[in-house]
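Heads up, the next two complexes both have subunit A, just with different partners, subunit B and then subunit C.
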Partner chain A sequence: MIRTLSPPRRGRSYAVQVAREVLTQWGARLGLAWIGLLVFLAVFAPFLANSHPLLLSQDGQLDSPLVRYLTPADVTLLALFFTGLLLALSRASLRTWLGGLGSVLLLAGTLSAAWVQPPALAIYEQYRQQEAAGEYDWVVYAPIPYSPKDYQRDRGETGLQPPLASPKKDHWFGTEENGADVLARMVHASRIALGIGFIATGIALALGILIGGLMGYFSGAVDIIGMRLVEIFEAVPTLFLLLTFVAFFERSLYLLMVIIGITSWSGYARYVRAEFLRLRQQDFVQAALACGLPLHSILFRHMLPNGIGPILVAASFGVASAILAEAVLSFLGLGLVDDPSWGQMLNQAVRSSTFNWWMAAFPGGAIFLTVFAYNLVGEALRDAIDPYLKKSLR
Partner chain B sequence: MSTYVIRRLLLMIPTLLGITLVVFTVMAASPGGISAQSLIEGQNLEPQAKKALEDYYNQLYGLDSPPAVQYLRWLNNVSPVGFTFDEERHISGFSFWKGSDLGTSFRYGRPVLDLLEERVPLTLLLNALSLPLIYTLAIAVGVRAATERGKVFDVSSSALMLGLWSIPTMLAGVLLIGFFASDQYWHWFPTAGLNTREALDMPFLPHWGSLQEVALLFGTGAVGTIMGIGLALKVPRLLRVGLLAGLGLSLGLWMGANLPGPHLGVTVLLSLLLIVAVGGLGYTDYTGLRVSLLGLLGAGLGLAVGTHWGGGEFVRGFLLDRLWHLVLPVLCLTYSGFAFLSKLTRTAVLENLMADYARTAQAKGLAEKVVLWKHVFRNSLLPLITVSATLLPGLLAGSVIVESIFSIEGMGKLAVEAVQTRDRELVLSITLISGLLTLVGYLIADLCYAIADPRVSYD
Partner chain C sequence: MARRFTVKDFFLFLFLSLLFILILLAMYMVDRQWLKLAEMERTLTEQAQDLRGLRDLIRSTGSGGLTLAPTESGGTADIPPAFRRAYTATQQSDYRPGDWLVQAFGTGLKTLTPLVSTDAYAAEVQGYVLETLLTRNPETLEWQGLLARDWEVSEDGLTFRFRLRKGITFSDGEPLTAEDVAFSFAFIMNPAIAAPRERAYYEKIEQVTALGPYQVEFKFKEPYFNSLALAGGLTILPQHFYGPYLQQPESFNQSKGLLLGSGPYRLQDPKGWTPDQGLVELERNPRYWGPIQPSFDKLLWKVIANDSARLTTFRNGDIDIYGARPLEYHRLLEDQALGERTQHFEYMSPTAGYSYVAWNQERDGKPTRFADKRVRQAMTFLTDRASIIEQIMLGYAEPAVSPFSPRSPQHDPTLTPRPFDLAKAKALLAQAGYADRDGDGVLEDANHQPFRFELVFFQDADDTQRLVLFLKDLYARAGILLEPKPTEWSVMLDRINKKNFDAIALGWTSGVEIDIYQMFHSSQTIPGGDNFIAYRNPELDALIEEARATVDENKRMPLWQACEHILYEDQPYTFLMRRESLLFVDQRMRNLEITRLGLNLGVTPVEWYVPEPEQKYTY
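Coming up: the complex of A and B.
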């Protein structure tokens, strides 16, 4: 497995070089493909799995209940996705990327919150009844014609049902204990997994870089106090702290992200501190200091880009563990209550007295694949960044 | 050295204070918080009885005072040095050895110390069994992978370890319990607990009705082991793989036949899986691995045949019953740590293999084995020691999940119950204990580091 590295060419930034290096590895490609699939599922979830028909014609009039029932979050996510796609196609720089996405998030978020108002109550039976009664001329459903919270009380048998056991074969991954379609719930749950992973890790990174950077830069008393703080958060098992947080506060997705972020910054802080302690001695930092540059400029424009490599590797593994943390909480019954989540579905595999293998295999498999994908990417990223390994492989 | 230990021990105090402060703040800041009212919420009582109960809780736990006072009160109770109080909750004196009191649990109404004394040994038992397993397996695989860098074993074991590491503990637990413990599938292992009720009355060691049966069992076990090892060492590879694949097929068919109800798909899938897995055992080049695995397989088969023939009065005994209950939880607790550590061992050994001293040793003609185990491996132990400190809290967290899945009444399960029922004294005590264990783990790791590496000095 001796890989030769392409010699660094002029005009190619370090980031592009690392990205190319990562993409040469099969594991990373597979991991990125799975993450891409998840992004696709998360963005288009309402169009992929929904009980509301996509389009129907009733007495010659066209109607699209699915579009009427889109939530502000759906609209914002779609806007973000297409902006990101556009920026990627136009080869924008990282700065315009972040700026564009940020402004779209703000704009679409506020606009859709003001204007997009789905009906508060969704009745799913009506379509099935009206279709059975022959009131529609024609009707087009989403590929998976069930909503995640469509508990199908109008159907004959509700509750646990193995996949494809019924003669009609309409639930590909079976149904869960309340009678909702597992595949539909899994598609919608990919949003939670992705969101938790990225936002919780983002919060943890921001906290870790800030605290670790200050510790490394100032050292001395700041360092000693900061290290105690790091030690405190390391010595409580993170899972236990999370449990305490979640058990004592209300359960909401956003709070969950913040809490997972708050409890997992200590590792990043350690990395950044060590990196900054090393960089502080170097000439370019001393020169920047001598020039009288302001502190934030020295810290974030001069020191941080030089130490960001190993931190990104850690962050990639961090996304995996954040997803895992949410899954564990949901599994222990401390996650979101009604919203679909992979961990909560996995919990149903053994909660009733029988073992429902499809509840373990599909949601559990999804958790495994996602965690595996991020770990693969992290591994490839480390191989691309770690100069020692490069030397040893030559 | 001793000054270093003392300094570290003293530095533990602010950290422990910080940990409990963080957890206490979370509990106090939560909506509703912890008050006598929240404790008796949901109990259908007359208003007067409710008031009386509230007063009682306030008196007992001091829940009516402001949070800061409550925390200081708790701290005073826990620390061995502090103020003593009289009946009316007034300070009556200052004592240097009043002893520490972890308080009384809200939910169980029993002293927290009693609860912990019951629960901690079970968690420690689980972890004490998995740690040696993790280390031996990880070192065997990691060293092998490093010496064969880039070859089949290295690449496949690296991918496998990353995969194992990514399997969530709860998924592994749910699958194991579902397939091997539930009566819908094989029901080989118990579903919950650490022993059956009858086992408490059994003698400690297993025993059989007659001496013949014991002899038979030993005989078949020994024959199986010898056949397994012989197969691994003497038979050429192609024949070996063929024989083992046949064995895998028959095992799969037998397991399929043992299922309650027809499961054609499961049988086919399982047979294919076992053919690949057992046949793969014969294919591997790694003689040590092959011999030990095939020996174990042979011994297991031999023992199974022996018990099947013997069939007489067999009393399981407490020890065997306990072990039988421990198999699945320990497996769940072991595999991810093993995967993580073996990757780490691989990097450490690789790093040292490429160091100048190792090349010098090779160049002067030392045997490969001597270089590997006497020189390189010893130096590679250092990172393993540092990681063992971080492995400990990981195991504690892992036991939370494993104990909840397998209904083992250990500290992890107690922790989940404590936070779910908002049992303040219990939550704080568990935080304190697990924090203390973690910090002591770090300290021991640092000391081992100093012992293993003479260059490290702590003065």
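Coming up: the complex of A and C.
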């Protein structure tokens, strides 16, 4: 038997190792697939569910109302998605990822805010009416030809109809209490769910790492004061704080994100503090200190990468709980007014004296699956980075 | 050496804990005995009092001609007119006193104390406990004596003399006299008592004097069209019970459940009710003076805040009345199981009032875009009331033209609601200087400010939210941007007080003949006044004042109709609609009837009853 020489395998970085470990688990694969689907739906929502026709021809002239009605947020999301796709294809390093996405976010955000100006008024039923009047040569609609806020006033729907209640109106998931299409609203609501999860957790993570890192590194008096701060924040019931804020300020999605973010950092701070307390006595930290490196370099370049594992696990659970918090608020009728949200749709399941199963099953299922997916990914991450568990398995 | 835990120790512990439990139980038992004893003592004193009263009565009538049971002789001649309807109910073959009437409240009550309470729920409870001098006949809407036997009006219409019935007592046995009537008025007018709304209302009366034990005189400052209703509608409070609170008004203003009157029902403890009980329970007043005793042994209101929980409770038969929203009503009608054991009513109640969108004409001291009459008219043209009623109310409502009910003589039948007319609205807006100047579909005024406004509404009302979203789509057709602003009730009241809003969706309750001074007279634009949209029209002011001072109905109605024409032209509000009351009532209730005042629920004397085989609650 001839033994072929194989090139020595490149030493894989810790991150890649963990990623592989995670991907061997079926649960994590399914979870990531669901989140990937949500990301796809969120990015392409305007192309998937929209009352504005994708393309139409009127008196020989082509027009695309859908593109005219794209918002700056839509454009920014699309730009981010394609940048991410390019980076993934070119197998870029983590640093290029962060840099690329960050700069595209800034650039696309400012440019689209300046250049993309959709009309402030939308009369959704005008296309259906004009089509019925025979004013178009031909029209191409999005796969779901309803916008989330299209209450179909022209059809005189009284709302809350089960799926496919009448063969003429193809509402696959039924309609909600105002007569809007549930599937269209769910597709657009995936944006809110993902956005609130990521941004709220991002805020919490940033705050938690900063405060927890300082507490762990300096210990002593800083630690004592910091821990009291953590205890104070842990004593504040987030839901009641949210209820108060919603009652007295505007019902804004961004406000919700910020409040959920700044009330949930304490858990991350505890994790980071514990990790840093352990790391600060280690040789490499002492060496970095002896070299006279600045504080931010020691904290974030030397200590943080060694302690990030458990925090990521906590963060993946945090995303799930932020999504739940928004759903709870919307369920209590304190969420956004007009904008779609899964929790708000779930709320309509028990209204009007009957149990509207489609309002419970679809949005409820989406919330359940999303929270479940994040939890699966979190579990897999924890298994992957826990050295003891790995040893016992082998 | 440590001692071991032996069997002996075990028994010792067992004995000690048993002893402890026994002591605890004994304490509990003594406490219950004590409460029971106190209750018995109270009943005994009350009965002794009654006995004394009876003995006095017998002595005063002499030994001879006293006949007990005067109703035996038959004939309705001795039944006062106010009790005739209740009397016919008792003559039904299946009539039988007993059973309870159980209802539910959607929100918790803050207080039951009269004058201090502001919500309709407390008023409903008080209606069974407190009585007035006169009541309206539900069929003819004529006034008839309740506590008053008869009354006379002076030539100039400024003085009213009421003669009270004899032998009326409050539910604690104290007699009701003219002094109590005079006291009730004095109590309201005392500035230390927190009753500003009632005070504003009774300001028209100069004084109330007791001319004798059973005669009382009301003197008005100036002629007022509703003066009989004002005087006759005064709830009579017992002086011996509420009088001491004049010394400590704060404890009255803060009180939760001070409720005692002469009505057919009473609180078991007239001072002891607290909101945390979660229910209101009224028991039969054993000393009720009326010739017809109420049928139900007990009235019970449970507080169930959640809509679907309330419906489930009704489905289970634990509450007897359920008021449904249109969509719900529609669905429940198809429900077989519910249909078998309930009866349902849909009726236009004259007191239910109307809903509207009010356009604020002045904000931060500057006129808003709604100060222009043409803009308000255009908004009304844009508000497609027919579709709103059809799609949101499912037809269980009628469009409102003005504050006056279409069934009232105050309304001029030649006025009809403005129809939905996009072209007319656009023309009016163009006249007012609005045009789409930058081609984005939104109208701009002469200063290039887009026509955009916030509509404030109450966040927990589902139908209102649907309505607002509907309006948003309607206004968008004319190029107007509406931003929905759901608001908490307390925040909303604050905004109204500070006049800090563009437009607001609200409702007013109304009555048989209503006075619009409160909402539309320009003097009420003061802080805290109900003309919170800064609407001023001197011509209307003069008409309102004249109508209020005209006692003759034939002269007054044309004046109200003239007011209506001005309101129709000015559109200070866009009047939306009057909703029908949609009610489900348990099958075992009998003698339900729709009168000109709505369903005969809550009227005293009580007219409903439950036949014996169907009675559910017995002691």
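Simple rule for what comes next: the second predicted complex is superposed on the first by the 379 of 394 C-alpha atoms of A that agree within 3 Å, B and C clash if a C-alpha of one lies under 4 Å from a C-alpha of the other, contacts with A are read in each partner's own complex, and residues count from 1 in each chain.
Note that in this section a residue touches a chain if its C-beta (ideal position, glycine included) is under 8 Å from a C-beta of that chain, and two chains touch if they have at least 3 such contacts.
Because the structure is predicted, anything quoted here is derived from the model rather than measured.
Contacts of A:291 after superposition: neither subunit B nor subunit C is touched.
In the overlay built on the shared chain, the residue A:350 is in contact with subunit B and with subunit C. Of the two partner chains placed by the overlay, only subunit C lies in contact with A:120; subunit B stays clear of it.
Using the contact criterion defined above for the overlaid structures, shared-chain residue A:338 touches subunit C, although it does not reach subunit B. Of the two partner chains placed around the shared chain by superposition, subunit B is the only one that A:372 touches, whereas subunit C remains out of contact.
When the two complexes are overlaid, the chain among subunit B and subunit C that reaches more residues of subunit A is B.
In the superposition on chain A, A:156 makes contact with subunit C only, while subunit B stays out of contact range. Of the two partner chains placed by superposition, A:221 touches none, neither subunit B nor subunit C. Touch criterion met: A:251 reaches subunit C, while subunit B stays clear of it.
Within subunit A, the residues touching subunit B in one complex and subunit C in the other are 247-248, 333-334, 350, 354. Those residues of subunit B whose C-beta lies close enough to touch subunit A in the complex are 11, 14-16, 18-19, 22-23, 26-27, 30-31, 149-150, 155, 159, 162-163, 165-168, 170-171, 174-175, 177-179, 182, 184-185, 350-351, 354, 393-394, 396-397, 400-401, 404-405, 415-416, 419-420, 422, 427, 430-431, 434-435, 438-439, 442. Residues 307-308, 311, 324-325, 327-328, 331-332, 387, 390-392, 394, 440-442, 450, 459-460, 462, 465-466, 469-470, 472-474, 476-477, 479, 481, 484, 486, 488, 491 of subunit C touch subunit A in their complex.
Looking at the complex, you find that subunit A touches subunit B at residues 1-2, 27, 228-229, 231-241, 243-245, 247-250, 320, 324, 327-328, 331-334, 343, 346, 349-350, 354-355, 357, 360-361, 364-365, 367-368, 371-372, 375-376, 379, 388, 392. The part of subunit A that touches subunit C in the complex is made up of residues 117, 119-123, 151, 153, 156-160, 177-178, 247-248, 251, 333-334, 337-338, 350-354.
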